[in-house]
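What follows is a pair of complexes built around subunit A, which joins subunit B in one and subunit C in the other.
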Partner chain A sequence: MPTFVRGRDTKEQTVERPGAGRRDATDSDWVPTTCRMCLVACQVLVRVEAGQVVNVIGNPDSPNNRGRMCAKGKSGIMNHYNRSRLTRPLRRTNPEKGIKVDPRWEEISWDEAIDAITAKLRQVVEEDPRKLYLQTWADQDFAAWLGALASVVGTPYHQTGISGTCGKTIHSINYLTTGGWWDEVDFEYCNYLIDVGTQQGIATREGFNHAVPDCATARVERGMKLVVVDPVGNNAAAKADEWLPILPGTDAAFGLGMLHVLLNEARIFDAEFLAQRTNAGYLVGSDGRYVRDPASRQPLLFDLDSGTAKTHDDASLGAVALEGEFEVGGQLVKPAFQLLKERVAEYPPEFVEAITTIPASRLRRIAREFGEAAQIGATITIDGVELPYRPVCLNWCRGPQGHKHAWHHTWALQLVNVVVGCINVPGGYQSRATAIGWPDVSWPAVGQDGMMVPGAHSGKHALAFPGRPANRPGRLDLFELFPVAAHTRTFVPEVSKDPEMYGLDHRIEMLIHTAGNQIAGGWADVNAVVDWYKSIDLVVGFAVEINETHELDDIVLPMPTYLESNAFDSQDAVCGEGVAFHAIQQQTVERAPGVREPIEVMMDVYERAGILDEVYLVMNRVLKLKPPYLLETGRRYTHQEVLDRQAKSVYGPEFGWEWFKEHGILVWARGVAERYPGRFIKGRIPIYMENFVDRGEELGVVLGDMGLTWDLVDYDPLPQWIACESYGQLERGEIDAIGVHYKLPYIYGGQGNANPWIDELCEKLPQSYGVLINTRLAGQKGIKDGDWIWLESPVGKSRLRAHVTECVHPQVIGIAGHAGHWAGGKPLSRGKGVNFNSLLPYGTAHMDTISSSIDMCAPLTVRRSVGGPP
Partner chain B sequence: MTRMGFSIDLERCVGCQACVIACKTENGTPRNIHWMRVLEKEEGAFPDARRSFTPVRCNHCANPPCVAACPTGAFVQRADGVVVVNESVCVGTMACLTACPYYVPARYDGGDGYFGKKLTMYEEAKYSNFREGTAQKCHFCYPRLDEGRPPACVEACPADALNYGDLDDPESPINIELQRRRHFRPREELGTDPSTYYLVGKGGGPAVGVS
Partner chain C sequence: MGVQRSVTTPMGRQQRTGEPDSASFIVKVLLMGELKRLAGRRELLLELPVGSTVHALASELGRVCDPAFGRLALSKEGDLQSHVAVFLNGAQLESMDGLPAPLTGGDIELMLVPMYEGG
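Here is the complex of A and B:
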């Protein structure tokens, strides 16, 4: 039933509900809502009979999952009916906090809880609002309402992500090179995909339920080649045409080797794209900086047609020199691309083989295959618009990012995409939310030096270009010492040990967090995180069940399950697809008695603290409310009243909350430029991070003033490979293996295996609670399949079941999922598997100087354990 | 005539186990009972080693040995070929398991729910369909088939690796798929005439083994 929304050709979704209609009987219903078993947020239809949830299926009308569901989503019913659910506010009575230390909870009333929270909030706000730290996760609506507190009271600490490592270089490099915020592969056209340290299209990551089927069609029907570069022979490797086991922490060398073969041996690169859409032709002087026009201060390129240097915005600019050396203004200068070529020439495949353990001949062949498959110069016509056709993608994610030199690993890999020009065009590497045309408008623009700046959608995300001048830190996350990082909260537990060492005069006294598991899943070395939590006077957590983090809370507040709560969320679109959509989450059944809506709880706190009106002013802006739907001072609203104002502000009076509750999702068409914005973006993409030169120098001065000696070798405009500490330890024989973490498709995101159906699966599949050890290493250590083994790192020690296999690199221990729980509130998963973070060293030495990403290589010794389970 | 067939694309399957849990959600099978399973295997030597995934369930044979072996007549073959267990007749002799060359039927012996003795409201509703001491196996989601809907595993499968349809209709999607793809049936040589087809290989290779 097509209808028109404000002149746009919009398909009104008539939800196809199985069996009879939506309300086929007075006591039964199929309710359209959104799954929250992980952050992907697929759309589902929930079967409710007599007030109980009895089934959940995918909503076929959602472009996000098209009726499909994963194992975790399907198991959501058991999370909802979790026996260990919390339904009353709790307060600790045991002043001693620690791992496995009983908090000795006492039940308190909502009134008591809210009073205690308000009192502490008033105190820290009066003394110094920087003593307040907020941690939010997943639920955008609640994150906004809790996050508003940061703006209102003036604390810089609003951590939006469970893990301190979330999106460290992933979002930065996406914004830098695509203008969007995270990547997808254009499976509709892609012919050659290399997955590096990710299982894109097979086993994990955002968009699982649309990426997996599209990838399967590409693989099976169109013969798309899939190459998986990974230390672990995971699900993606199982489906790959080729699995290239790589030594962890050597991804940059692999990327640089690919670039060397492409640029110097095969000479395959998209010269037109590089000259017109990147800074490849920008001339660089001997000091590493651009050569600029003396008058306009704009960067110069060398125009081969006129034999002169011209600015990037000169209309008469002809053929741009990408290679060679030129004399400009009395100095010898080179195009940035020439410098990249020279840098990658330091990484011939034979050298890369010695680093990565990937045979030179295979690297050389794959690089050439990839380059040829890119079909540089080819075009495709979609809806009457001619676009470049680059059906290749090198996809990378959390694997290469989890290293001491995270920036350089991921930057080297991304440049493989940039040099073949496969960014945001059919068949290539695409980003979500690069270009949004309706109802919000967000387009990348041209910024400083002609470079691309992402659109309004990037919001508060700090960008790597142009970055910020370094300064003496005023924050516990040392944000001022990371002039090009997106966020640096990885440092908070470290700096909190001794703030004065960095000249800081405050510490965190109050922390409020949503239902994440920051202790088990954030940062690294769990003891370091626990020490920080212990140092905080009042920790308040919202909880469905008591997890490891809540065991360190002072007050725990029960919250609804995802089947009991509402959220408006935001518009979204799958990369390359012809539609965008907005789906909501709605309450399907009555809330468990005693449980309150967290947003309304926080409104109570704000009201008692006397700041509710100020929160409304912030929320009017954050929620993009428009008259007559603005929140008015002096009034109280229910959450659903706010949701109605949100919906009507964005989509007009006919699309209020009731409309969304009935339909679940609104879908509308979008044009070619939104789907494939690549060549419609005027700003240029960097292949050379010129701003790193200045940012690094400025940082050096500040560090010198502070008496800190940090190695700033990473502030290099071009990618290089620098080893993680564990690489040297392995080479010197000090450790047996590097422990790496990988994902299983049935355990994605933190809420995993406390669910009895998922736990039952994990008990049957040996890699879930066991660890992967290669037959060769197992043989050396006298370990047989199923033996109990000890894994020991400098910070932790775990006893677990060995799964002896050929499907892992011989110098690697593969640790899956999110196991090793110890919290009393998670009885089903307690004592099973290993908590990976417990084995990871933590501290400044283990964090990236550019992005503050934590090194996720766990240095391990391995030995057989005598006896049975611990 | 109608004969319901089922295809499992081993190339598309990514081993995500969604079908296993989708079956649980739909049918509410008790603890330790899985009508749908995905077997995993490892093959080859490093670095050419890899895992493989094989979804398995009742093959709904045209000549079902379980139906022949069942002494109480609890195993019934519907007109559309779907083999179902009539739990009110089954007394749990498990002659079906002895007869089944695929080791499919399992016996439900009762026991605790997923959170212990006390059942959740969902479990209360679902387990009332299960009688202690009866044979358990996939029933092809026949209540869904009768409404014209796909089995829950097919509907959920994120990889579109599972498909179903009428084998007696030459135009059915499953027959078109079988014309296009290489395939085999599990232990066809035993003469059970299983209605499950495993699709292998990429693209539309020559059709083989169509019965």
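Here is the complex of A and C:
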């Protein structure tokens, strides 16, 4: 039975909130729901008066945000009461599609829209289901219902994110090293935080509204040191103890330099953790593969106590050798950790300085400070359980991931955490959803070669270990050519230009998408993405307002704002906290007339296509429905009826949808092992990706058969730094600067600045619609603060206002937020700022061979423009 | 549209008309989505020796299905890949590591559940 507890308290208490006991949205009420103005999903209370939303505040019952919310969330009211709201289905009458081309919309009935969608769906599925592309964003419930279509008809294309960098290595590396989905800092105990290409704890990121106050508390009360490594002196850098401006695309070198100082100079590493919880002791032969026991085929380690090699699961295994060279089975072999030490020895701080521009002395000092702050060997007792105490964290995210060699940048950085043993223990690098669940807790397990396998709560992802054998592609995303990637949708527009080149005989003919903005913010080079959309026969989009992507749609369907819609969402917990929770999203006011719930619209489509029963079969599994709450064939349900069945299947008959509508959130206590699962997980963490050897060789054979030449240097079991194209262009003097995108705490995704409150903030803060240019580069180019400048890349050019500052790397242009809109449905944001993706080259040469991440470095030339705004 | 059903016994085995012998049991396997397309069939009846686990089921599927199925769904070692969800009588089996328990029959569904890529 769940109990109601709040925040970090583990004692039971009564939840009190304004309007407790609410059942219906009556004349005046506080309605608990979840904010969907960004992916963080904070719990909020919505004040409804006379059927109108008049205020939104943070819900104090939620461990996720503890009563707080941000400017973006507050502005959700204005998204809801939006003069550009779409309230009728529209159909394009202009066959010509393109940027700023008027679609010449005509209003159609829901019936006509659903008939047209069903007819095309029948056709593509009968011909080849791979002609269907599905794209969802943020809303897990709708993602499941649209994804069921993929499961029933057999298309492999269900994209569940917008940006080309979404979760490319972040989730893969979290699964490998933490067993969870994404990371947080354990601010409760952390004493030394390095943010690399992220603003964790200061601005943006998951857990925003608890991480920011927790970070501030850690700094004020415990003196936690914050170091920010970023090309841009952003909000986090401005508040940090130290800001290290780094040249974009050199994060791997920074990580390798840190590792060199820790492992070879200071000799600070958690030997016990490495020996027992990682593959650091696994012996590697000269061919780069593990040395295995001939009988069991299990990897061998060298047991220093007996002087013999033993398998990782041998109960008699004593002290494990991490360093040195040994003779086993007639060959000289080394532990993986020895190989890592040798690799990082190639990156002394002086060499790293030449690559990153970070002074060697600063790197050396910070690496030592970090290592010493890790207090290796220290323990802490929490609720009577003794745990390792490693109060340090190197937090990385989207910045290092957005590169041609994304895997190596992020892998090098993550190994800094691994070698000091700060994974999932107090003070360190924590991952959400490593061990979570009610009534049953899902835990990572032990898999092949003794390595960790994430638990079921994390979903069923394609994992980097052991990966899949490479094969000739049957899909436009070339998934078969990325044997260790989680997903490769970034390739679809590129491969769609010439599918035959890859032996593919289909193209996308139908696309259904939610209200994200893939044209303005997905993939890269806007014109390349527009060309792909133009090649699709029928594009159907759900929309609150007509954005740049909807302007290329054939049919647009009005959808509710988050204040008008329902979702069950999923179980969650803040890292390290004594509670886990399940919060729902619910309709707070009547829907605008003409607007329909997308899930019910898709049920109509499924029913007319004759596949609704098959969809129910899938949804019974995906939603984990149990008798007597299974969806029955031949029946039709409202979305709220399904939500009730979901709630009762998980939590029992007394916790149905009505219970959740009344309370908004269910919270339960969890034990120390779930809060800090690090040392309770039996599977090992890799520091050496042995499977990359085989996966890379197999891929090489397939590519050879196909007559393709790809550089497979990235299939290296150990991290390395490899220069990306724009780095080389800068070195050769071919470009003036690398353009990078950075986030502002008050804008999220493509929907942000069309909102009047957000637009007002942007107008007042000069970096929002302008760009940051360093004083030195500005001086060389004769540019003064406030001047109009031209930025030109191989794929586009933009004219905007320069903000001359020291708060950006001298060879970098900092471009903020998601501006530069042109859609008629976004009148407030039209023509303001620059659309970053319109400057970003796209294509195979700019994508990571391991993860398919798109390089987010825009090679730019910069010059002053004469005259005022265009 | 709708779903085509084809019930198939494993290739290379004798078609059985009666009950399986006491040393074996029958499972019904339903392949969803892309797995169905790659396997070339939606539904199979597989006869497995008593004591077989999901690992044995995966090997048998690799043997009887089109090689394209194995290339997407199976590892080199013949286990089901991490992105394949396994449902036994409607309940998802937690992980490959959690599957050593012998199967005893029933309906098994294999499904590729989309992963959430993030935002």
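Note that in this section the second predicted complex is superposed on the first by the 839 of 870 C-alpha atoms of A that agree within 3 Å, B and C clash if a C-alpha of one lies under 4 Å from a C-alpha of the other, contacts with A are read in each partner's own complex, and residues count from 1 in each chain.
The working rule: contacts are C-beta pairs under 8 Å (C-beta built on N, C-alpha and C of every residue); 3 or more make two chains touch, one makes a residue touch a chain.
No experiment lies behind these values; they were computed from the predicted model shown.
*Asks:* Should the superposition on subunit A be reported as showing a clash between subunit B and subunit C, or a fit?
*Replies:* fit
*Asks:* Looking at the overlay, does A:G447 come into contact with subunit B only (first), subunit C only (second), both, or neither?
*Replies:* Second partner only, subunit C.
*Asks:* Thinking of the overlay built on chain A, is A:I202 touched by subunit B (first), by subunit C (second), by both, or by neither?
*Replies:* After superposition on chain A, A:I202 lies in contact with subunit B alone.
*Asks:* Which partner does A:E221 contact after superposing on A: first (subunit B), second (subunit C), both, neither?
*Replies:* It touches subunit B, and subunit C stays clear.
*Asks:* Report for A:L761: first if it touches subunit B alone, second if subunit C alone, otherwise both or neither.
*Replies:* So A:L761 only meets subunit B here.
*Asks:* Kindly classify A:N527 by the partners it touches after superposition: subunit B alone (first), subunit C alone (second), both, or neither?
*Replies:* It touches nothing on subunit B or subunit C.
*Asks:* So, does A:S865 touch the first partner subunit B, the second partner subunit C, both, or neither?
*Replies:* In the superposed model, A:S865 contacts neither subunit B nor subunit C.
*Asks:* By the touch definition at the top of the document, which applies to A:T844: first (subunit B), second (subunit C), both, or neither?
*Replies:* neither
*Asks:* Between subunit B and subunit C, what is the shortest CA distance in the superposition, whole Å?
*Replies:* Result, nearest C-alpha distance in the overlay: 20 Å.
*Asks:* Taking the touch rule as given, give the residues of subunit A at its contact with subunit B in the complex, in rising order.
*Replies:* Its residues touching subunit B are 18-19, 49, 52-58, 65, 67-75, 77-78, 81-83, 202-203, 208-209, 212-213, 216-217, 219-221, 223, 233-235, 237-240, 243-245, 745-746, 756-758, 760-761, 765, 774-776, 805-810.
*Asks:* Can you name the residues of subunit C that touch subunit A in the complex?
*Replies:* 1-3, 32-34, 36-38, 68, 71-72, 75-77, 79, 81-85, 87, 90, 92, 94-98, 109, 111-119
*Asks:* Which residues of subunit B touch subunit A in their complex?
*Replies:* Residue positions touching the partner: 9, 11-12, 14-18, 20-22, 24-26, 28, 31-32, 40, 42, 44-53, 114-116, 118, 120-123, 125-126, 144, 147, 149, 152, 155-161, 202-203.
*Asks:* Using the touch rule from the top, collect the residues of subunit A that touch subunit C in their complex.
*Replies:* Subunit A residues touching subunit C: 38-39, 121-122, 125-126, 129-130, 137-138, 140, 143, 147, 150-156, 158-163, 166-167, 170-171, 182, 442, 445-448, 453-456, 459-463, 466, 468-469, 471, 474, 480, 486-487, 489, 609-611, 614, 618, 620-622, 624, 626, 630, 683, 694, 749.
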